[in-house]
Amino acid sequence: MSHNTFGHLFRITTWGESHGPALGCVVDGCPPGLPLTEADIQYWLNRRAPGTSRFVTQRREPDEVKILSGVFEDDRTGGPLTTGTPISLLIENVDQRTKDYGDIRDLYRPGHADYVYDAKYGLRDYRGGGRSSARETAGRVAAGAVARRVLGEGLQIRAAVVQIGKIAIDRARWDWAEMENNPFWCPDAETAKRWEDLLDATRKDGNSVGAIVEVEATGVPAGWGAPVYAKLDAELAGALMSINAVKGVEIGAGFAAAELTGVENADEMRAGNDGKPIFLSNAAGGVLGGISTGQPLVARIAVKPTSSILTPRQTITRDGQNAEISTTGRHDPCVGIRAAPVAEAMVACVLADAMLRHRGQTGR
Amino acid sequence: MSHNTFGHLFRITTWGESHGPALGCVVDGCPPGLPLTEADIQYWLNRRAPGTSRFVTQRREPDEVKILSGVFEDDRTGGPLTTGTPISLLIENVDQRTKDYGDIRDLYRPGHADYVYDAKYGLRDYRGGGRSSARETAGRVAAGAVARRVLGEGLQIRAAVVQIGKIAIDRARWDWAEMENNPFWCPDAETAKRWEDLLDATRKDGNSVGAIVEVEATGVPAGWGAPVYAKLDAELAGALMSINAVKGVEIGAGFAAAELTGVENADEMRAGNDGKPIFLSNAAGGVLGGISTGQPLVARIAVKPTSSILTPRQTITRDGQNAEISTTGRHDPCVGIRAAPVAEAMVACVLADAMLRHRGQTGR
Amino acid sequence: MSHNTFGHLFRITTWGESHGPALGCVVDGCPPGLPLTEADIQYWLNRRAPGTSRFVTQRREPDEVKILSGVFEDDRTGGPLTTGTPISLLIENVDQRTKDYGDIRDLYRPGHADYVYDAKYGLRDYRGGGRSSARETAGRVAAGAVARRVLGEGLQIRAAVVQIGKIAIDRARWDWAEMENNPFWCPDAETAKRWEDLLDATRKDGNSVGAIVEVEATGVPAGWGAPVYAKLDAELAGALMSINAVKGVEIGAGFAAAELTGVENADEMRAGNDGKPIFLSNAAGGVLGGISTGQPLVARIAVKPTSSILTPRQTITRDGQNAEISTTGRHDPCVGIRAAPVAEAMVACVLADAMLRHRGQTGR
Amino acid sequence: MSHNTFGHLFRITTWGESHGPALGCVVDGCPPGLPLTEADIQYWLNRRAPGTSRFVTQRREPDEVKILSGVFEDDRTGGPLTTGTPISLLIENVDQRTKDYGDIRDLYRPGHADYVYDAKYGLRDYRGGGRSSARETAGRVAAGAVARRVLGEGLQIRAAVVQIGKIAIDRARWDWAEMENNPFWCPDAETAKRWEDLLDATRKDGNSVGAIVEVEATGVPAGWGAPVYAKLDAELAGALMSINAVKGVEIGAGFAAAELTGVENADEMRAGNDGKPIFLSNAAGGVLGGISTGQPLVARIAVKPTSSILTPRQTITRDGQNAEISTTGRHDPCVGIRAAPVAEAMVACVLADAMLRHRGQTGR
């Protein structure tokens, strides 16, 4: 987590601005000998891609990834394999519509990073939000695709949107397969319909709405992570909070744990046939003392409503004058939807790094 | 956040187990020329110290800190000053009561890190929880005291307990001064009384209860932090989630932001006399795009109930046999109370590091 | 120095293989507001470019750099300025001549990394040496150009070749300006002529020869660097030894210091008008205790002879059979020549990082 | 190599000043389950200890190490084992003779770090050189003892002094066993006798002399290290140059490689029975392309003459006045002798880190 690099052994470095010529990611420390094609990565980028429904930004980006290094193929390898050297991934920006940036250029949009970039750096690339744009997350999703290769098939990472605005799903109806049937990553078909109405109304009002996303990783063995500052949940928290618009992260019972008693919160154990514990509940969300328990890893993130809204808001100019701004253009009424594939990717990157570090220290 | 080291320019490395001879912290990268005495650090350690009320563990630890390096005094310096070299802080463990560890040794306590340490390392120092004990946080608090020196008097960091179990404070009655009048870091006198009853009952039941702690930092200038993985809120999230028993972190509106609309969530701005914005609200909690806004930084953490409880719980032995365990001994009915000074310390460390990195990159 | 990333605050990450589609560098942590164009970087790349004389590889690479992010220009900035976000630099590989890689593919070239890549990773991109090719250094030189911007005009970094094979320059004839008159970065015109003969003969013999390069940085203020592991000379040593084919690094008197007495080695001081010391010699090479003294920083590197030679050498195949190999193709008879601009670049990167870290810790 | 921390997975952080109450080291990331006692570490500290002959400083330090954390013993472990948590090592300073520091306090000793510490930090702990004292290396040697445990018995690291002043050993007489018979770590008995005379004369003259130390590691498997900035030789160079008074580092043929031709420098290979290469020479010193070849790793360091000498030298005062200084007290006539065990320790730390990182990335 230095600047734009994330991870220790499995390391990703992303770069690029919303309206520059391209953006990308360098994945360093990837184990050698893993099959990896552009199509493998493209699959995940497509799931994140804007423009796939009327509920996400209408910016049309093919987000076509190119692998520029770190993969090699000849007749002996029988397909492209990672070589252990840095994998450079490039995504060209195609749909930077020519537009007049006058407003964003001189006004600070509330809820956006405009003012703080100027305060920090003295200047900013205001086109489309520059580096603070959610387009940066394309690089993360590409890296996440590589991380999934490292983790292997036995480890599955899935994110679902579990609440939009005040409407939460009914967990009794949770069906992962349902997510492919609606544009919200919603595992509950009935709730998905209600969200459709909510988001249509929200957009009509020139407004936006927040969301909660839940990520689950199954197949994580017990023992990943470490005590103290490199706790697995601490790294997940940092990784997830680093996603644009995220304002909260919780693991397992999360904030609800504050209201639990110790008796309720204890995940009791019974002996399994293999001598490993069978946990009778998972308030811990798969992490104890910063180390994975072997149970499913469960994290939730709170995503704030899209800051770009049509409704005019009070602000100031770069020169310190009072003004009003309303953000026109192509914006998601609920940016939380697109956060789901990004959250999956960040969890994948954290786990790949944890796996390699655990193997490094313990040889297991 | 590598292993037991936290920070980039302002770096802390903690070490030590609950029942070893000592524990401590090495603070590296501290700016030179800052006045620093053992008493400066002791002040903050005393605020964290166990044994100060019947609501926290009765383990009696003086937690007396010694500065072993990094500070120098002669008649020219006019008092001990930091030299810019590593500051080694040592706290001896005094009250490791002789006891029979038979139970913890062979049984995995639910909610504790016993099982995962064995799963990761193949062995563990089970005495008092070893490295996973909350005693480790003494090192963090000592480091936080140094971080406060770096940040200076103009930057104030305070943590309050705002909820225990299901009983939340009334924010209308918030009075920071009130915190010195009760053993809960509670800013609301009336709620403090109700917590007293709650915790007495909880302990009598052989049970425990969770809590929510809120940390506020005022005086943080706009511009600290960075885009993407080194976002100030991402680093706060990682730092706070690394504290024992924390299961959730939120910034500003946090999880409530999921229910807000973009109109509600926008922190509108008016021009101040100095050309800087006056924000009309603080849903952002003082961070936008990962960079401080100049508003108060506001974070909340969810702390799970103490896992050590008298009520027997089902578990397994190290050898994979079913068993029951009830944890006797000196335990806090609400470990969240002691988390408050630790949360302050971690915020101080994050901010000191952010300050130095910002200065390094920008010269400001 | 993690994997393919170098530096702490000023960080560079390079990627790319000799015969892949492109190679590049991400420069992270650059201060904002610095003027930076592609031409600024191209200037330095051109100095490193192969194909500029018959003494360096005849591979014809334009090495045209593109800036893909991190720089912004509008009418207010009055030219492209760094924004403080990652600067992604791309150089396409143009001259990957189609060739039969059969030999390199199956044989391990002595002196090259072929065998160890296979031993480490189980496979390798053998085309042109893959990641171990000196083409990787184009990314370093590009990064060095950015580092020079950070350091400013007052700090000058120059490298000269001071020895090729057994022929060393005459230091009495040292003239920096002379370096532009010969293809060897040789500051001594007479020696340059002798090297011409030496290298023509060497090439004719199907052989190659080693060299020594000296780098000097003037204008480095006293105080950069740090005690112990972050010593300025330690970081220079690591940075310079990381350049392809380098087998030795020395600072100031270097290995000759072993033969000096303490009386000879002491750089005595006299008081300057500004209260700062005037050193009467510079055996220290500008660094004491890991911290710059304000004197010129002087480092030398030993570069081994090019390993790719026409003379056949004994080796083994990938399958463990005895074989012979002679490396045909476009190779420098003395790779040390091209190491000079790379050494400059690495010194620039080390100093830029040291400058920002010093400023971060001390505010100076 | 951040500040006072060295390493990535196997990490050491040293702290302490020459005349403070203690100094020490925190070893983090050590694999669990390794036997480790204070005696294991003390063995190596004793080899480094000052006061063992008239050729090293007469400061009498027992350098008794205490393990404060990270090791656990009960009847099940059958002896103290590392737990995988930080190992804190403490060495108390005993022999800080009361003395008048007037001279060092106000004068800058040539060749020492006095001036640059003041230039960097604005103040310094001048007692015995403070943090810049060679006493800091006790922490490194202690860490090196732990690193040896990680590397195991099959990997042997030995350092010999091969030159003092102008007198080099005769390599034909090299006998490792001979090192135990003289106080110079000299593998050549005849040369040892000549050094005795040289050093007696040097001390009598109030002078000092430099040295060259050679370190060899055998049993390093092929494949450790990495391309580019994390090259094994780059990390060795950084580690060795970070040792006090070191002015040069070379690997294998080192600076002599500059005078070799490609034909001479190529380490030819023949097929071994196991399919691995048998190298016919070792000009590479066991590293190619930054990765170990399986041959012995060979590095040499140049150590400058002790800067503390009785012969008066010109200098300036802290206030910028001309002055003279001669350093009385207990000083080694050749500090290079004591550098040998420190060099071994640094090589051990680099290799332990490389081993864990290699295992992390590749699983081997």
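Note that the chains take the letters A, B, C and D in the order they are written out, and that residue 1 is the start of every chain.
Note that in this section contacts are C-beta pairs under 8 Å (C-beta built on N, C-alpha and C of every residue); 3 or more make two chains touch, one makes a residue touch a chain.
Here the structure is a predicted model, which means the values were calculated and not measured.
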{"item": "Taking each chain's C-alpha mean as its centre, the one farthest from chain C", "value": "B"}
{"item": "Chain pair equivalent in interface to C-D, over half of contacts matched, among A-B, B-C or B-D", "value": "A-B"}
{"item": "Whole-Å gap separating chain A and chain C, where each centre is the average of the chain's CA atoms", "value": "38"}
{"item": "Rounded Å distance between chain A and chain B, as computed from the means of their C-alpha atoms", "value": "27"}
{"item": "Whole-Å gap separating chain A and chain D, where each centre is the average of the chain's CA atoms", "value": "45"}
{"item": "Sites on chain D at which at least two other chains make contact", "value": "2-5, 8, 14, 29, 32, 84-85, 120-122, 131, 227, 362"}
{"item": "Contact graph of the chains (line, ring, star, complete, other)", "value": "complete"}
{"item": "Chain C residues touching chain A - in the complex, by the definition given at the top", "value": "2-5, 8, 11, 13-17, 20-24, 26, 28-29, 32-33, 66, 68-70, 72, 74, 76-77, 81, 83-88, 90, 105, 120-125, 130-131"}
{"item": "Residue ranges of chain B in contact with chain C within the complex", "value": "8-9, 29-32, 84-85, 227, 356-357, 359-363"}
{"item": "For the chain D and chain C complex, residues of the former touching the latter", "value": "1-6, 8, 14, 108, 110-113, 115-117, 119-122, 131-132, 136, 163-166, 202, 207-212, 222-231, 233-242, 244, 247-272, 274-277, 280, 283-285, 288-294, 302-309, 311, 313-317, 319-322, 336, 358, 362"}
